[in-house]
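Labels for the chains are A, B, C, D, E, F, G and H, by order of writing; each one numbers its residues from 1.
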Amino acid sequence: MSANDKLVIAGRSFTSRLMVGTGKYADFPQMVQAIELSGAEIVTVAVRRVNISDRSKESLLDHLDTKKYTLLPNTAGCYTADDAVRTCRLAREAGLSDFVKLEVLGDEKTLFPDNEELLKAATILVKEGFTVLPYTTDDPIVCKKLEDIGCAAVMPLGAPIGSGLGIRNPYNIRIILDTVKVPVIVDAGVGTASDAAIAMELGCDGVLMNTGIAGARDPLAMAEAMNLAVRAGRLAYRAGRIPKKLYATASSPVEGMIE
Amino acid sequence: MSANDKLVIAGRSFTSRLMVGTGKYADFPQMVQAIELSGAEIVTVAVRRVNISDRSKESLLDHLDTKKYTLLPNTAGCYTADDAVRTCRLAREAGLSDFVKLEVLGDEKTLFPDNEELLKAATILVKEGFTVLPYTTDDPIVCKKLEDIGCAAVMPLGAPIGSGLGIRNPYNIRIILDTVKVPVIVDAGVGTASDAAIAMELGCDGVLMNTGIAGARDPLAMAEAMNLAVRAGRLAYRAGRIPKKLYATASSPVEGMIE
Amino acid sequence: MSANDKLVIAGRSFTSRLMVGTGKYADFPQMVQAIELSGAEIVTVAVRRVNISDRSKESLLDHLDTKKYTLLPNTAGCYTADDAVRTCRLAREAGLSDFVKLEVLGDEKTLFPDNEELLKAATILVKEGFTVLPYTTDDPIVCKKLEDIGCAAVMPLGAPIGSGLGIRNPYNIRIILDTVKVPVIVDAGVGTASDAAIAMELGCDGVLMNTGIAGARDPLAMAEAMNLAVRAGRLAYRAGRIPKKLYATASSPVEGMIE
Amino acid sequence: MSANDKLVIAGRSFTSRLMVGTGKYADFPQMVQAIELSGAEIVTVAVRRVNISDRSKESLLDHLDTKKYTLLPNTAGCYTADDAVRTCRLAREAGLSDFVKLEVLGDEKTLFPDNEELLKAATILVKEGFTVLPYTTDDPIVCKKLEDIGCAAVMPLGAPIGSGLGIRNPYNIRIILDTVKVPVIVDAGVGTASDAAIAMELGCDGVLMNTGIAGARDPLAMAEAMNLAVRAGRLAYRAGRIPKKLYATASSPVEGMIE
Amino acid sequence: MEIIVNGESKTITPMSVTAFLESVGIDPTRVAVELNLDILPKGEYKETTLREGDRLEIVHFVGGGGRP
Amino acid sequence: MEIIVNGESKTITPMSVTAFLESVGIDPTRVAVELNLDILPKGEYKETTLREGDRLEIVHFVGGGGRP
Amino acid sequence: MEIIVNGESKTITPMSVTAFLESVGIDPTRVAVELNLDILPKGEYKETTLREGDRLEIVHFVGGGGRP
Amino acid sequence: MEIIVNGESKTITPMSVTAFLESVGIDPTRVAVELNLDILPKGEYKETTLREGDRLEIVHFVGGGGRP
């Protein structure tokens, strides 16, 4: 059934609903293997200054097959709308597409987004023709504004970045799903496979993670786990789960019991 | 990695950690397909009187390939140790193996096990050479007694049968995992994919379910979802998840931020 | 001990940490009794047009002793910064104090706050000398901005208004408590006594509610329950609870067991 | 309203629904003050050998006013039915009443009850005319059996003794409340005020605790907190809370909004 | 002459705000008044004479607006 | 003569269990048989002759009994 | 002669339980006594004389055994 | 002459951006260049000559910025 169940963002369709980051891996080969095992088609990358003095370091693009993966440049580390916009313009020039993962952080400690600055940046970037995927809080009002501005998706956090706390507030995620029409992708908070499954079972269109995989004791095993979990959660969502009840009834026929 | 990660019960090893029931399906073909998609190798069946007057009904065994699946006869519907023991003896005669899923229910409304009767029945059956897999509550003391009696595994409920409430008390399951050496298989309560993943992430050796799959709007899709979820949860358990923290740190390198 | 444990907002100190609304009661006498039993000292009121044509209706102030209670006019029902600011100016003129409960709603369905408009309104009102208590989401970044603007407290929601879902995301509330120095008052979401106790145990400085009391089958009993619960939660917070452990140790001395 | 809301156990009625233990206090005066502040009328005590060689130690009864408090001797530390029965007989002889808190532990590590032994002991003690209050797991079948044997109440654990985990499985407690007619008293697991309130809001008839109070940084403050919390939870249960909803509606009248 | 009071037009003879409030039975101490979108301080009710087309908002406190 | 099969009385002529199973169209390899509350091993179906008043339980596997 | 009191052997001269309790400074109203595994009712302390090898358990109430 | 590259001053002879990138061993297809805060389209590298005091930002993609 998953065959025709595509994730469509700004007219482009993807088979995998899992997006992964490229940070925190031991080395490039491990990163490449993990991404491979995750089944992800969209991979987020950061934009940083080239080190002029030392050119020895290999480049990420020596390892990532850009024919195979859609690179999603992010504005990680930006704390103002201006920085984020500037980073996006550089990213578009460095890359090949208009897709950007927009994040404007509010505070170095918690890495919560600053939605006020985010809305400003999103407004500018949409005008400039970017396909904006904004990282935000689980705030239905902000998500609605981002959709109205013209963002291609909304990416509410499940929990603080790197916390591994999972979907702290499924109620808000559900309200967001009721409120916007663009894809809802949970970004941040996923710590283990069941977290990803829960996000999908809520009806989310996708999940984005990095530390959950790269930070695991065995990143490759966790990458495969997340791959399976996202598919499991999506299938379960579409399959229509049984209702929850305080008690239930046996699944065995009562007629014909031996006496 | 899963290659060498087998579930071993009483010396027999299995690749799949998901066990499924055979009740509540629309028809036999749907049941067979669902079992196929679930990837299960162990399938529970009930023992009932043959209908003498009307022999038209097909038999379960016309549909289940007993070379492919290990049949696990259960004592569903038994409310006393005697009934359960008698049912197991009949099951062994009707079937091919010593494996039995022992359950002695305490009450028709909640279908909670009666552990007092369960311990009596288990003692008799182990003496008679049965490989006993007992359905019980999430009670570490009862699980330890069942292991001491010689049961091949313990199967605590996650939640009441058919409730779909998932793992209501992960703390008890964890204590049981610390307490017994035999396989711990969560039996009852699983309502959706993430429930199964959570059971495996706790460190359980397997999950048994029926209504969760057969009762879903689309049993085939849910069977596949459960198949993926159990594997995802097991992989995540072995991969070693990131610790939970109230906040965390960015996964992007801080050096080289543009100014 | 509670004697010297005051809630201080903008230099004014209060003994009760429970604030209550005045809506949804069967009649004024019930409202007055409920407020009395709740022990609240701060009471929120709405600002509405006088009905010119029909002056028969009694006024709220005929029933509320303004010597005994601090009235906290709110901007409930305002959807823009301008409306909220205008309402606050009228409230100050109609009342006796600079205290206002500022809320700017983002959506009639969920009644979530619009933080972008809220920040605009708060900035204006603080400049005009109001003591601003803003209703907001459980967003640490917005709460920090409200504090920096000069708000006298922050009032994050525990859950959507009238939902009765309690504190949906205690993690965010804890982060907010770590982030701001002004009083943190949970506003919205409290459905029953334990919800209020949990808010206080997290370390919140107070709780504001209306429907939780007025909507109960017996508002007077619930008002008393909330009164006790807020005090219980505050005392427990100050008492320093025992740590949570998976198991523990008996509270009986082991020496001297009979044999 | 609480005036006529008594807890009745075996024909004796009590105003307070909180029962407390006497272990783990710094000294007798602290214990006495804590019990006083808790408002408890029923106080559990352990039965131990008198130290013959050193009679210096004061006796508990030098401090506890037996006119004011109902002593509830317990069998803490007993691991067999025989030990528990023997301890109860000694307790009755040492004390003044037939009330006993029966516990038979299954394991020194977790202090979970051994329900099989518990049922044996309860059967004997009821025959001998004891008023038996058994500490058990949150198992509806065992609770029903204890009621059928003739126990005066059932005391399921909320969580393991001393764990402070609160009511881990409210679903089971609710099922127990639906299943038995005798008073249901949560015994073990309460770590803070809201835990006690939640137990009462579920509809439990009372709560018993020791470490939650005695182990707190400030036992006196926690004793008062628990006193308030149990009353708050009971009142809230009787008041009839508002339903939980995903969103809700404002508590302000919409008519007459200024324009 | 015509004025708009709380959104409804009313025909009155020229009079002060104080007089108007009395005429409709409103206790001035219990309300706030906005005249043509500006707050009218209580102290100015007496000397403020209503003019043709004036927009008056007269508000008071009502129950509500707390949060569950 | 009369026997009780799965709780219902049946009138039959004396015959072996194998014969009886055939007479009601049951495949012996698919069932288990209890004769007067004792398991009857498959190997004994042939030489076991049913007697007046015998109680037979004939069971097989059916779908069910798994747990959600 | 020798008796066992709370697991420890003690040498005493023959005496009643009452006398023994006094000798070790125990208030009879505050304890329960088990003589050779049977409860000894308080009323029988006086006329009960301790014999060689008797096993006495003397218990009282102490703080503890409540549950958190 | 002096220019600022990624925040550090560098002394170079006048040359095109293309020439400069080559001189420091950077593959132009893998980076983006900002000249005095404005994006410099790849097509203009060749004809753009660096001037005294120019501020160059040269960035590329690195691992990171996903979210757990």
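One rule holds for everything that comes next: a contact is a pair of C-beta atoms (placed from the backbone, for glycine too) under 8 Å apart; a residue touches a chain by one contact, two chains touch by 3 or more.
Note that this is a predicted model, so its numbers are computed, not measured.
Each step here moves to a touching chain, and the least such steps from chain G to chain H number 3. Most remote from chain F, judged by the distance between CA-atom centroids, is E.
A straight line joining the Cα centres of chain A and chain B is 33 Å long. Put simply, the C-alpha centre of chain D and that of chain E have 61 angstrom between them.
If you average the Cα atoms of chain B and of chain C, the two centres end up 47 Å apart.
Residue positions 21, 23-24, 46-49, 74, 76-77, 86, 90, 110, 160-165, 171, 175, 191, 210-212, 215, 242, 246-248, 250-253, 256, 258 of chain B each touch two or more of the other chains. Annotation for chain H: residues 7, 57, 59, 62-68 touch two or more other chains.
Chain B makes touch with chain F in their complex at residues 19-25, 28, 31, 43-50, 52-53, 55, 59-61, 71, 73-77, 86, 89-95, 101, 103, 135, 157, 161-164, 187-191, 208-213, 215. Those residues of chain C whose C-beta lies close enough to touch chain B in the complex are 171, 174-175, 246-247.
Residues of chain B touching chain A in their complex: 1, 21, 23-24, 46-49, 51, 74, 76-77, 83, 86-87, 90, 105, 109-111, 160-165, 191-194, 197-198, 201, 210-212, 214-222, 224-229, 231-233, 235-236, 238-258. Contacts from chain E toward chain C in the complex involve residues 5-8, 10, 24-27, 30-34, 37, 39-42, 57-68. Residues 106-107, 110, 112-116, 119, 137, 139-142, 144-145, 159-160, 163, 165, 168-169, 171-172, 175, 179 of chain D are the ones touching chain B in the complex.
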